[in-house]
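Below are two complexes that have subunit A in common, paired first with subunit B and then with subunit C.
Let's look at the complex of A and B:
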């Protein structure tokens, strides 16, 4: 770089402006986190304060620790099961030619275009009939099959040289061992991206837990937060700092994860779109 | 024998889950849309096309179509134009531009319910950030979410805020695929920046634009969470988008027949859109070298 003072000063100003714009863009969320540490009295009076009482209230009075646990269990199981199911199918679609295989794959790809809301009422009826409404299973089962994850992983596995499979078969491995010992280790980045994708979409899922769960004990964070906000409609009675504490609990796990793994997330999204 | 069965065993779990929770439910929805049922009564009475006739002659349905169309017509071009402009700037690989990408992308992985709650506060009449700013500047406080003229624009704003980062990331990937020699050639010709943008960048990101067009139109017709949390479709139906109406009819009025008919109409419309766009993209895709 040439030590050109005017242009480098111009660049500093530009960078400062861009960063300021970024902060302004995120300011509602940043402010909501800050507000969650204020007492309601201080907030409404415009004073400054620091307190954890909103979090204590959210956990003790409004059961948010339980909602957090429910969200972790549901999203965790959906992610693990979803990845297992998608990886096996992706492996078969990538490596085998079999009667009906193309048709089945086309049917999987078609689900990428299907708006999920058409399944809302029938899935509700199916689970009601099975007695699985108001249960973890009722939240988990409909979310396990991800056509997107299967499609994405199939594309990835097709890029792995077949010679690696064949070497393993020579050593006496069976198809399952090839999948587990050869394909899965090489596909780790793709599997990780898809795992994140599944976890985040399930974590943020709202409409299904909203219709499938009536028991307060089984609310996920999303439903619990929406209910908390709706308990007291009419502005003067909303305890905003409390609501923001609940909102922060709802955002936080994904926010922390985001800071650590943003690159993987972006890769999953762009590979799905551009390829 | 077992050899031949192997691939079927591998795809069986996925296909079974898809069958139970996706394929069969589509058929069930079609079936239920021809019936009258309220979740409770023992019989599901066959009524033929009555649910569709009722829907097509109801004001609520056309209101939902209107609201959703306005939403799409405003939010889709807004998203694409903003995203392309910002992506053209952030495509460079500097620390600041990477930080900014992260900041813009964050909302698209953040809980929609949380975002809707936070923006309910931002736009709230008495305590919100926006009205505080307006009051500070000496303007009147505005009833953003209680005014039928404004509420839909608030929903569009929040949805755009949430989705923009996704569009930007996709555009950046598209822009990075443009060979830099093309830019060099254009600037050797003395092309000015806007000119280069119009003649080089815009045509080359066309496939990306079509992709995002499809995605954002489909998104627009599936908006639910923001509406459900912020306005419940009100005031006076001003934000009653199609999926919100579907939820209302199916799960608060328990009219399974009409709810299913609405789902089928939405389904057919979105599939038609996807097929149409697949054809258009198929024709335009020659830009991708």
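Let's look at the complex of A and C:
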């Protein structure tokens, strides 16, 4: 029997289930946020406490404000540039037939099968040769071309009736205007999904910044965070409340970004275009 | 306004059979041409070729006296109404209508004023702020029409632009299109399945079948002198009756032909008349308004006649006589179907 959502009892059961599931997913996050407000002494002694000292420490001692800025710059630029490149590639693959087009698309799809660790060393050598290690450019450039985003957007654009392109051409648009005024607005849900995907992947990227960056003031949050585990090698305890404060600084922008983007992820926008 | 000249146009789609087999069509500047033909005969394909959305496999397309085969659609100054509307789903009705003007950098105030004017004409004013998804089929179709009409193009291609409208709206829009044509003097190529539309709008009608142009002439000429049996049977409602000449009692003309008799060339008698007539049995009557359509069974096959409503009609099953007007008969070659 289906649960009766209209009766107050059905409602109550449903709400309890949803709440339980929500808590299950949120509890580690909530726990780490809670922990970030404890002093280390109180935490290990099992007292309750409230302090902002971990955040002060992370920002003042360990330069996390700078790491946050670096992460925002790198992930932001990667997202914008990556979406621009992927959208144009997707449009070309979806709408134009050109010699070698299928082969080129197969090559794009093939990049999806290659683990990023395999490209790590070639990328490193290339960027070293170009003198781009230890720079924002070195962090950003290798991440811009996303085969997955190009593939995903191409599939989406293929679902948009070609008649809309044709109508725009008849209205006097050129290819770029068709892309910008018709395809992009209609693809907004897919573009925002891919933007979110690119942003989060880059935000969580750890290995590449670790190998590409030596200068401390170019560290991203993930690299800075990992470093907290190996400070004070003489001491045998890790300052968990400090790590949790730094983690919270790392998580919050992503959550905020998701909240901002989420309402653009609605679907069904081509409704009513063609018979 | 531009003339459109098609010479020996052939078109095959990628990996498909040929769908246009050498079409010649010469449309004068400012002319209103209606294309009719059965579904799948290549009408939309022909429009798309003129628009530049498809390229011809061979043949020449001249627009305004210059070869346009390799001209991009946006450079042809042609407005098109698509059979499937192709409205921009992310834009409001107003934006849909004004988009072409916006691309041509018409100032905002001017283009919005124009969009409103067009919307008024198409009775779309209440829906200006809606998106296509929230419109009925007929409303969408009118937006598609408005989008084409907002610009003063030299040429309009309209692919069944009135097919989804109710009768009153269709008649009103027909008048608007005629008026638009008169005001702008634009060249219009109009596809329709509706005979009344074709006969009432066209300067000339092009009848197509299976990728071939059958006849291209004025409505009067097509109706009075159809070039072949297909055209004769395709235009005119109810459709023309065809009977073998030698089987027709009292026929004095050539015998080795097929005769075409329009329903109005048959006169109903309830008793055998003096003049030669076909003996038949009334099978079914159909009211169309001012007239009745009579479906009759005869030794020559099924025949259709019309009778005014006033006449006392026989009832189904009754024997009747259909007197034919020999002067109004069309003669067609029995094998080729060509007008004899």
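The criterion applied here is as follows: the second predicted complex is superposed on the first by the 220 of 275 C-alpha atoms of A that agree within 3 Å, B and C clash if a C-alpha of one lies under 4 Å from a C-alpha of the other, contacts with A are read in each partner's own complex, and residues count from 1 in each chain.
Everything that follows uses one rule, which is that a contact is a pair of C-beta atoms (placed from the backbone, for glycine too) under 8 Å apart; a residue touches a chain by one contact, two chains touch by 3 or more.
All values reported here derive from a predicted model rather than from experimental measurement.
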item	value
Which of subunit B and subunit C A:186 touches, first, second, both or neither	second
Partner chain(s) touched by A:106 [first = subunit B, second = subunit C, both, neither]	neither
Touched partner set for A:167, first subunit B, second subunit C, both or neither	second
Which superposed partner A:260 touches (first subunit B, second subunit C, both, neither)	neither
Partner chain(s) touched by A:19 [first = subunit B, second = subunit C, both, neither]	first
Subunit A: partner with more touched residues, subunit B or subunit C	B
Which superposed partner A:117 touches (first subunit B, second subunit C, both, neither)	first
Subunit B versus subunit C as contact partner of A:48, first or second or both or neither	neither
Shared contact residues on subunit A - subunit B and subunit C	269-270, 273-274
Residue ranges of subunit A in contact with subunit B within the complex	15, 18-19, 21-23, 25-29, 31-32, 44, 84-86, 88-89, 91-93, 95-96, 98, 101, 104, 107-108, 111, 113-126, 141-142, 144-145, 147, 150, 175, 179, 200, 203-204, 206-207, 210-211, 221-222, 225-226, 229-230, 235-236, 238, 240, 243-244, 247, 250-251, 254-255, 258, 262, 265-266, 269-270, 273-274
Residues of subunit B that touch subunit A when the two form their complex	4, 6-8, 10-11, 13-15, 17-18, 20-26, 28-29, 32, 94, 96-97, 99-100, 102-107, 109-122, 124-127, 129, 161, 166, 169-170, 173-174, 177, 208, 211, 218, 221-222, 224-225, 228-229, 243, 246-247, 250-251, 256, 259-260, 263-264, 266-267, 270-271, 274
Residues on subunit C engaged by subunit A in the complex (per definition of touch)	51-53, 72-74, 78-80, 82-90, 99-100, 103-104, 131-135, 137, 140, 147-148, 151
Residue ranges of subunit A touching subunit C (in the complex, touch as defined)	161, 163-164, 166-174, 177, 181-182, 185-186, 188, 269-275
